[in-house]
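For reference, chains read A, B, C and D in written order, and residue numbers begin at 1 within each chain.
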Amino acid sequence: MTSPVACVHYRVPYADTDQMRVVYYANYLVYFERARNELLRVIGFPYRDIEARGYALPVLHAQIDYKGAARYDDDLEIRAWVGWVKPVRLRVDCTVSCGGVVLAEGHTVHAFVTLATLKPTRVPADIAACLGAAGGTTA
Amino acid sequence: MTSPVACVHYRVPYADTDQMRVVYYANYLVYFERARNELLRVIGFPYRDIEARGYALPVLHAQIDYKGAARYDDDLEIRAWVGWVKPVRLRVDCTVSCGGVVLAEGHTVHAFVTLATLKPTRVPADIAACLGAAGGTTA
Amino acid sequence: MTSPVACVHYRVPYADTDQMRVVYYANYLVYFERARNELLRVIGFPYRDIEARGYALPVLHAQIDYKGAARYDDDLEIRAWVGWVKPVRLRVDCTVSCGGVVLAEGHTVHAFVTLATLKPTRVPADIAACLGAAGGTTA
Amino acid sequence: MTSPVACVHYRVPYADTDQMRVVYYANYLVYFERARNELLRVIGFPYRDIEARGYALPVLHAQIDYKGAARYDDDLEIRAWVGWVKPVRLRVDCTVSCGGVVLAEGHTVHAFVTLATLKPTRVPADIAACLGAAGGTTA
């Protein structure tokens, strides 16, 4: 079974560049978020709904390897897929490409928490099932 | 009586620049916010406290005139003062300077609202008194 | 003759929100830029090409009226069109809407400059012709 | 010999928060940059001067562990120090704290490149000496 990979296109605005004439490094974490939002939508749990149900997915860890430079007006392709799922954690892997060339890759690890308290909680069974089916292994 | 003018210093990071090698234009609105926060602190109502009391000051209007360019590593001086106060509105004026030269000036107009509903409400008397004393005319 | 209006769709990421649960006010200037980029592309002069020819369009003035609140995951529609064109200046008008409701409107005024020096220069005839045809009056 | 640790204070604006009422995760990479700039200044090579000499330090890798949440109006303390120096690479370690509690820690790895071409080049001897003295091992 193949896991779903979400893909969003994104046109780089001037806002995202810096004086080295490339996209500033922190913006890639926003790019990762754009694809992650789409991934959750694709697997049936838009983040908006996760919050509406009283949960949140704050980031515990993020890392990126920069392999090339995105530039102003580039039409980027940002991809995200589930790395793994554990009872209270989730890893999402991402790449940012332009014209078929990977410019950055990395991942984020998220805690599954109750929105009101930001305390860890088990992923509800229906969401866990979707995430697990999305390619992760639920422990 | 002279009105209080809040002043904050801010060192420009690479993050704020764009490929024209100057600070990207939207960042000046963040600079304005930094000085506005300090202004509210100076006059005795830190925005954190305003929210804690159940109010908010969303922006209704913002405008900026750009007269020069802030650059990476510049040590900016950002000033803010109360333009005027009306029963449910507040105007804050701002300048951004470097080395005594004004690079941008503008203002924001804020509604006074109830945080829970974002509906307009009259400025509470004690806050109005402070803002009025801060140089605005309360109508 | 009708003037071209550029329109881009944009999905609001968590990154753009603030703790009032709405899009932070400075981000609308980035939204304006997204539509402006598309407008220049539509009328035949992508900003990338304008820079490649040695020109730039720094912002002299920006203003926004906020009429509603964009929120996380909203699918925004951002529109831009030429307000007017003068020998060395250009005004672009913009709106940000969601589901047919205008959330913000405003405009930016740009100088036409030489990229190397950031000094004002006349808009080259071919670009002026396109901009003029795009609904502006060239003086 | 103790290595220099740069420390900058930073007041969190509303701009940096998101609707979870905490600082959005990508902003920590900007915080790291603020302390890194100060570190380079402290050891005698402000980044502005590094660029003026025709070099640049683009980021190859970045990672962060999030241990707590920075909030609006927090007075953060951001620290940076040299992790290691190699002939064409540099690692900088960072922490973000509030009131003595570490909220995030991580590091960035930078290439030493020629600004004009963004191609790797050896760190010039005088800069390498400063960086080495700053606690890194030059290989």
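Of note:
Following the convention adopted for this analysis, a residue touches a chain if its C-beta (ideal position, glycine included) is under 8 Å from a C-beta of that chain, and two chains touch if they have at least 3 such contacts.
Computed from a prediction, not measured in an experiment: that's the story for all the values here.
Annotation: A-C is the more contact-rich of the chain pairs C-D and A-C, by number of C-beta pairs in contact.
One of A-D, C-D or B-C repeats the interface of A-B: more than half of the contact pairs, counted by residue number, are shared by C-D.
Chain geometry summary: the mean Cα position of subunit A and that of subunit D are 24 Å apart.
Computed from the mean C-alpha positions, the centre of subunit A lies at a distance of 29 Å from the centre of subunit C. The distance from the centre of subunit C to the centre of subunit D, each centre being the mean of the chain's C-alpha atoms, comes to 34 Å.
For subunit D, residues that reach two or more other chains under the stated contact definition are 14-15, 20, 26, 30, 33, 72. On subunit A, the positions that touch subunit B within their shared complex are 14-15, 17-21, 24, 26, 72.
Against subunit A, the residues of subunit C that register as touching in their complex are 8, 11, 13-15, 30, 33-34, 37, 46-48, 72-73. Chain contact summary for the complex, subunit A toward subunit D: residues 20, 22, 25-27, 29-30, 33, 56, 58-66, 69, 108, 115, 118.
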